Amino acid sequence: MSETWLPTLVTQTPQEGYELAVKLSRVAVKMTQPDGDVRAKIRADYEHDANALIAASSVVAVHFQTIAQANNHWKDR
Amino acid sequence: MSETWLPTLVTQTPQEGYELAVKLSRVAVKMTQPDGDVRAKIRADYEHDANALIAASSVVAVHFQTIAQANNHWKDR
Amino acid sequence: MSETWLPTLVTQTPQEGYELAVKLSRVAVKMTQPDGDVRAKIRADYEHDANALIAASSVVAVHFQTIAQANNHWKDR
Amino acid sequence: MSETWLPTLVTQTPQEGYELAVKLSRVAVKMTQPDGDVRAKIRADYEHDANALIAASSVVAVHFQTIAQANNHWKDR
Amino acid sequence: MSETWLPTLVTQTPQEGYELAVKLSRVAVKMTQPDGDVRAKIRADYEHDANALIAASSVVAVHFQTIAQANNHWKDR
Amino acid sequence: MSETWLPTLVTQTPQEGYELAVKLSRVAVKMTQPDGDVRAKIRADYEHDANALIAASSVVAVHFQTIAQANNHWKDR
């Protein structure tokens, strides 16, 4: 991953911040399991697993908190 | 999800903030599993699973912390 | 849940703050599983499950951190 | 639990703060499972379970962060 | 591990901060299981386990939050 | 544990802070399971368990965040 995929934590809206949080939660998985085919197979499993879906949502929550802090909670807008 | 579903983190009361936290915790699940029928089936399972219910509550807790920060903990009211 | 159950995060003491954190951790479970009979049955299970008890304590910890921030850690008292 | 068990988050040292964090992590378990005999039995199980011990340590970590914030990380001493 | 592997939390970009977070998440595993061969074997397992991949991503998220705070969320750039 | 094992959260470098975080994550386990022989046996198990290693890393991450805050993220150096 030598290209730039995270130039800034600043987003225009909370919603864009949330979408960035989803992205950040997935990058760590990609870095640990770079093989797209394997990830696709794993994904097919966990998309039907409540515990995995909730755990994934938990990672998004932590990243969203970080991004919200970076944007001063979008209060300046 | 191209429509606006998260225009702001500001809420009138802590209780509305909590309800928003519940919503945020569910959006990540929706983004990972967009099929409503599959989600309904998964939901039927985990609604009876103590560990899943507690894990879901944990995600709400993190989002609620973020939203509380965004609202200065509703101390200005 | 249309009645007001969370008017403020401010409490008189850290102990009341902790009790509020316990309450907040349970509300998310109630919102996901509104049926009291089902909850009572689930509760009977997880009250004997160390992992579930610890996970529940973890949710309380996050809410308590939020409430402590809202009360400036009760340092003004 | 009507007696006062948490009058303050302020402690003299980081070590006392850590010990308070351990206490806070256990109170939530007590509130969910008030029966001391049941807790003793559960404890006998999880004391030999690596995952439960690590999970318990995780709850302590969150409470310790809260207590450290309440004490300005003991930097004024 | 007597050599210096963490001289600073400051990074030039959010992306470098994220990569540092991944590194930090792995160091604790190394400290607990110093045997590289054992780690390689464990890694082969968990690279195909959705829950482990998500849990690893969760650790990255916490470290990334810390690093983002250390860099003032890269807002000064 | 009546001796002093945590006199301060201040460390000279981020790396020392990380090592302190590892220590803090282990103390809670010791307090819950004081028997060194039992801990050694448990450790032998979880050192080969990816999920336990990742969970342990997660506890370190939370403590490291606390210690980084206590040291102003080592920015004054």
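As written, the chains take the letters A, B, C, D, E and F, and residue 1 is the first residue of each chain.
Assume a contact is a pair of C-beta atoms (placed from the backbone, for glycine too) under 8 Å apart; a residue touches a chain by one contact, two chains touch by 3 or more.
Only a predicted model underlies this, so the values are computations on that prediction, with no experimental measurement involved.
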What chains do chain D and chain E have as common neighbours? F
Where chain E and chain F touch, do the two copies share over half of their residue numbers, giving same, or under half, giving different? different
If you average the CA atoms of chain C and of chain D, how far apart do the two points sit, in angstrom? 15
So the centre of each chain is just the mean of its C-alpha atoms; given that, what is the distance between chain C and chain F in Å? 27
List the centre-to-centre spacing of chain B and chain F in whole Å, with centres computed as mean CA coordinates. 31
Per-residue overlap in chain F, given as positions that touch at least 2 other chains: 25, 49, 51, 55-56, 58, 62, 65, 69
What graph shape do the protein chains here make by touch: line, ring, star, complete or other? ring
If you start at chain B and step next to chain C, which chains follow, in turn, all the way round the ring? B, C, D, F, E, A
Mind pulling up the chain B residues that touch chain C in the complex? 13-15, 18, 22, 25, 47-51, 53-58, 60-62, 64-65, 68-69, 73-75
Where on chain A does chain E make contact in their complex? 4-10, 24-29, 31-33, 38, 42-43, 45-46, 49, 51-52, 55-56, 58-59, 62-63, 65-66, 69-70
